[in-house]
Amino acid sequence: MALLSVKEMTHRFGGLVAVNSYNLTLEPGQIMGLIGPNGAGKTTIFNLITGIYCPTEGKITFNGQEITGLRPHYIASLGLGRTFQDLRLWRHMTVLEHVKMARYSKIDYGFTGAFLGTPKRKKQEAQATEVAMSLLEMLGVDSLADQVVLNLPYGAQRRVEMARALATDPKVLFLDEPTVGMTPEELSQMIQIIRTVHQKFGLAIFLIEHRLKFVMELCQRIQTLVFGQVIAEGNPEEIQNNPKVIEAYLGEEKLD
Amino acid sequence: MDRMPLIISAVLHLILLYIALHTWSEVSDYRNLTLRLTLIAVLLTLSLNIINGYMGEFSCSHPGFMALGAYMGSVFTVLLFAKDKLFGPALLPPELGPYLFPLGLIIAGLTASVGALAIAVPSFRTRGDYLAIISLAFMFIVKSLIENLEVVGGPRGLSGQPNWANLPTVFLVTIIGVWMINNFVTSILGKALNAVRDDEMAADAMTVDTRKTKIVAFMFAAFWAGVAGALFAHVLRYVNPGTFGIQKLAEVLAMVYFGGLNSVYGSIVGAVGIQIMGEALRPLELFKWILIPTLLILVMIYRPTGLIAFKEFNLKRILAPRK
Amino acid sequence: ADAIKIGINAPITGDIPKVGEGTKYAAQMWLADIKAAGGIKVGDKVFPVELVIEDNEAKAESAVKANTKMITEDEVLVIVGPQSSKQAVPAGEVANNYQTPMISPWSTNPDTTKDRPFVFRGCFLDPFQGPVLANFITKEFGFKKAAVLYDVASDYPKGLAEYFKQAWEKLHGPGSVVAFESFTTKDADFSSQLAKILNSGAEVLFTPQYYNEVALIVQQAHELGWNKPIVGSDSWGSAETVELCGKECYGLFFSTHYAAAGAKGATKAFIERYDKKHGYVPDDVAALTWDALRIVQKAIEMCGNITGDVKKDRQCIRDNMAKIKEFEGITGKMTFTEDGDPIKCAVVVKISDKGEFEFFKSVCP
Amino acid sequence: MQLFLQNLVNALQWGSFYALIALGYSMVYGILMLFNFAHGDIFMVGAYIGFGVATALLAIISTSAWAAAAPGWLVLVLTIIISMFLTSFVGMIVERVGYRPLREAPRASAAITGLMIGIILETGNLALLGARRIRFPSLIESTTYNLGGVYITNKKIMIVLVSLALMIALHQFIKRTKWGMAMRAMAFDYVVVPLMGVSINTIAALTFAIGSALAAAAGILFGVAYPVLDPYMGIVFGWKAFVAAILGGRGSVLGATLAGFLLGFIEIFVAMIFPSTLRDFIAYSIILLILVFRPHGFFGEPYSARLRL
Amino acid sequence: MLLSVKNLEVSYGNIRALHGIDFEIAEREIITIIGANGAGKSTTLRAISRMVEVGPNTSMTCQGVDLLKFSADKVVSRLGVSHVPEGRRLFGNLTVRENLELAAFARKDHEGVKKDIQQVFEIFTRLDERKWQKAGTLSGGEQQMLAVGRAFVSGRKLMLLDEPSMGLAPLLMLRVFEALKEINQQGTAILLVEQNARLALKFAQRGYVLENGKIALKGEAKALLEDPEVKKAYLGG
């Protein structure tokens, strides 16, 4: 059975049909790509699956459980981790606090712990710190742990966001344009990072990208979305040569 | 340093602090009164900082919470332990009173917490400016409600509170309050407030239960505001609804933003600073109200988030021997 | 000898600065007299006097703070003020607890002095004033239906409105107050309440409001077509009432502590002196403050000896204050009851066609 | 019915004040994203300036023969125009000292500054003019018309008309002129406004100037209707305008106007229907409920601007 | 020289973002500045349009006058230097047309403005169809076109472009660059900042490589494209 499946999902913003009869099956460990022109509805699909929006129609199942319309923090705690297209970091928090915060659902010392500072709290906070530090180390930003994110270079911020998403213990990781604004060098590092976490945690990954090189290299399957509708789905080879995709998205000349 | 000595050292320091304050306040009851009001202001400011600083909402409801606490606390003590025009003779022997006073404070706090739901629930759907208005409306509602409640004296106010909010009591309650608030804001549950403030959607996506976080923040802050209100009522031994209006709001807001957002230190500095200025500049009469605002404007211009913002209160660092 | 310190607790800033001003000016005039005499003569010694003036910002808690400060830090022997009941009630509690005599010149709420041996006042009480007005209206106009408009958020108007209602209904039966309407402090528009009052068939409107609101209420009532009498209480007794209200207020009645126009003797001397110095006829609050200070002076003199032991001196002043009989004040004769309230006559004043407060009649208990 | 109509008339007048003050508030709030807590006090200053101007004009009239013929309404119109002009400078000064230095700061800090400027204006007034309250000169003779038991005065009609005229003028200004366009742009994203060749400082000052001028107009109309001025008269209006401006939705002229009138209507009619002691309780409960069910005000965008920290 | 910049230094608080860089642009020239994230590219543009304060030793002259004498709005209105900021930053609540009209705020030649706006619609026909639409509801590519169009109206001497390709689908990206070419041919010099170095170097005549706030390399764009260092670091091997 598929890890994540979406059936006939439709979403409207007022009159605008942002997503139309969208279907998805994602197997454990699979890396799936989502491409399409600006405004096609890619980010909206992420927001729908992760519960930020509630779909107008359709049904989403994760691990056999229907998650349509559940609250986002709960969906996230089930194992759907994500990053954002526009880097949504918490301006005033340190790197370490970011990653620890993502352990929120794993903490159960309750209000007694929060208000009075029980030994249980001490223990769990220490554990959270440990998990966080190991993730930061893995992404090579452990030396920045005590810095406030606002002052970090962009690349580091991206990594922090990734570490934060991983700290929720996801089974599926949603990456929304993870390489926006990166140099080719950074881009290849990012590919490396994604490969590592994919292997290490056995994650399924669903990612949105405009950098074709990146998509083609990483993804096993790719969906192409245009005006909220999937016009093609297949492996990288098929997509690259699909005339509909070329017409609507890639254009004649292939850059990058 | 390991754990036990830290606690002992903290307690010792507190005792020292208390002794210092006590000695200072021995000189006159006016100092004593000012000191108690200052401690209460610290508690109040800190509790407002939870919402306005840590959670980043512009809440105008604090006088309302305070009023709820002040009235509930007063009704508790006056009804049970004091002979009074409104409620008649005491229901319980007054000797018991001082021991049950903490219970009264807790009830006062809880009442305010329940009131806070009126703002916490709308805060799920709206934020920022609109929530500011909701909280402002709440404040006016509470004030108007009390004005219409003849049982507690209506606009004429309620007096006759027993004199139990003495310096040790106020000191102890404030210390407990500061300690608990500090515990809370350094825990993950408390840091979640910052996450909700800086980016709510991201917080949600990172498994943070944002609704719970907001409810807890409002209720917890209101609880301490209520406790502060109850103490305030027992220090002045008189309350009236007019006290909990826009003026009070301006006062606490000034303290929070003067001292510094998102900072336990800041609130202490803000409350103590403004309170002391207010008393020390009394001889200036009218011009006090030109000088203090000017000072605050300057602080805002040169330190827009307040004097000591975004600074964690770290007991270890304070108490550790300095090299 | 050490100076005798007297505290003044007055609303210098806040909602009613004019009251603070009147208090301050009267106190300064009194002090000037004392200074001219070299001080207060107690027994055979003459003590210089020092005034400690504290601002209570027209707020209850500030009044409490100010009292505590003056009592414990400045060690004043006696306090004059606060003026309005909102501050005087809680501040009286403090004075009484510290066994420091306090006299509020202007507070008419019974709670200020009730069960507080150390607290006195210089004016009559609302439970007296309410019936005075009810009787006056009944006798003078023969009306049976009255309307009341008052500020619900302020203790003085609210208290007096209720006393008036009680008294009126006692005279004319339940339901004879046909409209009992309220508003909130700082409101400026009363049209909705006034429209209700107009509709209720009331023959007279009683409004125990401060002078600034009087002007608005009267004007709006007239604009809405009200042409029946409007009656007020001691809070109207400020020169500003007419200044703000203008012609609209001519011919209206209110009860108060003294009538400035046509005053005689010491009262006249006081008014003229004040007017000369500050350019306007003193409000009743200034006159009452003057009286209160002179009562204090008298009590100190009666003490016979100021020992320098603050506690003892305070007790002595209180005891002597309670003993004062038939004190000839510029606002009338005063003798304190057990509670520390003077038995005083109220004056009903008519605002003349020249805008002066004309003595109309005097009602004594 | 008659009572209802009477109250309708009253509510219209009362709502005009709220709407007019809320508009000025909403200008600054919508465009600069500032809670201008000093706005109520600018309204107060405007009323006092109006008093000064009117007194001066009356003095001129009484001394010169040719001016004596000037009718009351002319004096009133002159007073309004001159005072609006003068008060706009007060607004610009407030912007210059209190808000411009804080443009990069969190919005809440600017709100605190506004609160403090308000206190300074109040105290300054008290220090300057002393404790007495001031009677606003009655510039036009009040005439009352009785329309079937409903009393309407010429002042009421004038106030409602002038307010509406000012509101329409403002609306046109914002919708039609390039200055208005720049203001709307600034409301959306002020950082890049200079890249269009538009000076932020100019627009900000202009915003404050217009907002303050409207407050001055409201102050004078207020003086005409409720001729008692005191230094604290702006506080309550300031906060209610704050409520109305935000209830109306960010930067929406129409919204602020509607919310202002709504507030006036609620207050008047609640007092008509219920015991008047419950007025605030009910009025604010209604507002709270409106916001619970319409969390973004009348015309607000579905996101609400966060407090920048 | 149209613009010449000497020893440009910029700091944010105590972080120094630019450590004294020099470059110049001739009339009608297209140059590009490439570099990694945080190298200081956007900062350079912001310094020219006076959106950030520059250090004390910096000098910038534009068309022979001292640029530092002008405030941000005057740089646009007097010197004709327009800036298309990172992330487009359109006024989403104004219509397409209003966005363009606002860009002409300081211009007095009403006829000229009309003509220029008309020309924008000719270059970007898509915008012509959407004249009355709120800018906030345009798709990403349309928004980028409008951002360029806005700069076209506000100043025609020099256009500073900050990552016009960011977040654009490949097809749209090409369309935007074609339009830029056309604008250049009408006489506007262009200073282009890009992540996508290959694209930028193909488009420009000369290029500068910025590394950590310093100029590491400069030269003819063609030469840079072939440079092994550049190839490795910025063109993906």
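By written order: A, B, C, D and E. Residues from 1 in each chain.
One rule holds in what follows: a contact is a pair of C-beta atoms (placed from the backbone, for glycine too) under 8 Å apart; a residue touches a chain by one contact, two chains touch by 3 or more.
Here the structure is a predicted model, which is why all the values come from computation and not from measurement.
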{"item": "Smallest count of steps, each to a touching chain, taking subunit B to subunit E", "value": "2"}
{"item": "Identity of the chain that, by mean CA position, is farthest from subunit B", "value": "E"}
{"item": "Most distant chain from subunit D by Cα centroid", "value": "A"}
{"item": "Between subunit A and subunit C, centroid-to-centroid distance (C-alpha), Å", "value": "73"}
{"item": "Approximate Å spacing (C-alpha centroids) for the pair subunit A, subunit E", "value": "32"}
{"item": "Euclidean distance of C-alpha centroids - subunit C vs subunit D, Å", "value": "36"}
{"item": "Two or more partner chains touched - positions in subunit C", "value": "13, 152, 184"}
{"item": "Residues of subunit E touching at least two other chains", "value": "none"}
{"item": "Interface hub residues of subunit B, defined as touching at least two other chains", "value": "144, 147-148, 197-198, 262, 286, 289"}
{"item": "Pairs of chains found to touch, sorted by chain label", "value": "A-B, A-E, B-C, B-D, C-D, D-E"}
{"item": "Residues of subunit D that touch subunit B when the two form their complex", "value": "29, 35, 97-98, 101-102, 104-106, 108-113, 115-117, 119-120, 122-124, 126-127, 235, 239, 242-243, 246-247, 250, 277-281, 284-285, 287-288, 291-292, 295-297, 300, 304-307, 309"}
{"item": "Subunit B residues touching subunit D - in the complex, by the definition given at the top", "value": "52, 56-58, 118, 121-122, 125-134, 136-138, 140-141, 143-145, 147-148, 197-198, 246, 250, 253-254, 257-258, 261-262, 286-287, 289-290, 293-294, 296-297, 300-301, 304-306"}
{"item": "Sites on subunit A touched by subunit B in the complex", "value": "50-52, 71-74, 76-77, 81-82, 84, 88-93, 97, 100-105, 107, 109, 111, 113-117, 121, 125, 128, 164-165, 167-168"}
{"item": "Subunit A residues within the subunit E interface of the complex", "value": "36-39, 151, 153-155, 177, 180-188, 210, 212-213, 248-251, 253-256"}
{"item": "Partner subunit D, residues of subunit C touching it in the complex", "value": "13, 15, 17-18, 20-21, 152, 181-184, 186-189, 191-193, 195-196, 199, 211-213, 215-216, 219, 223-225, 240, 243-244, 246"}
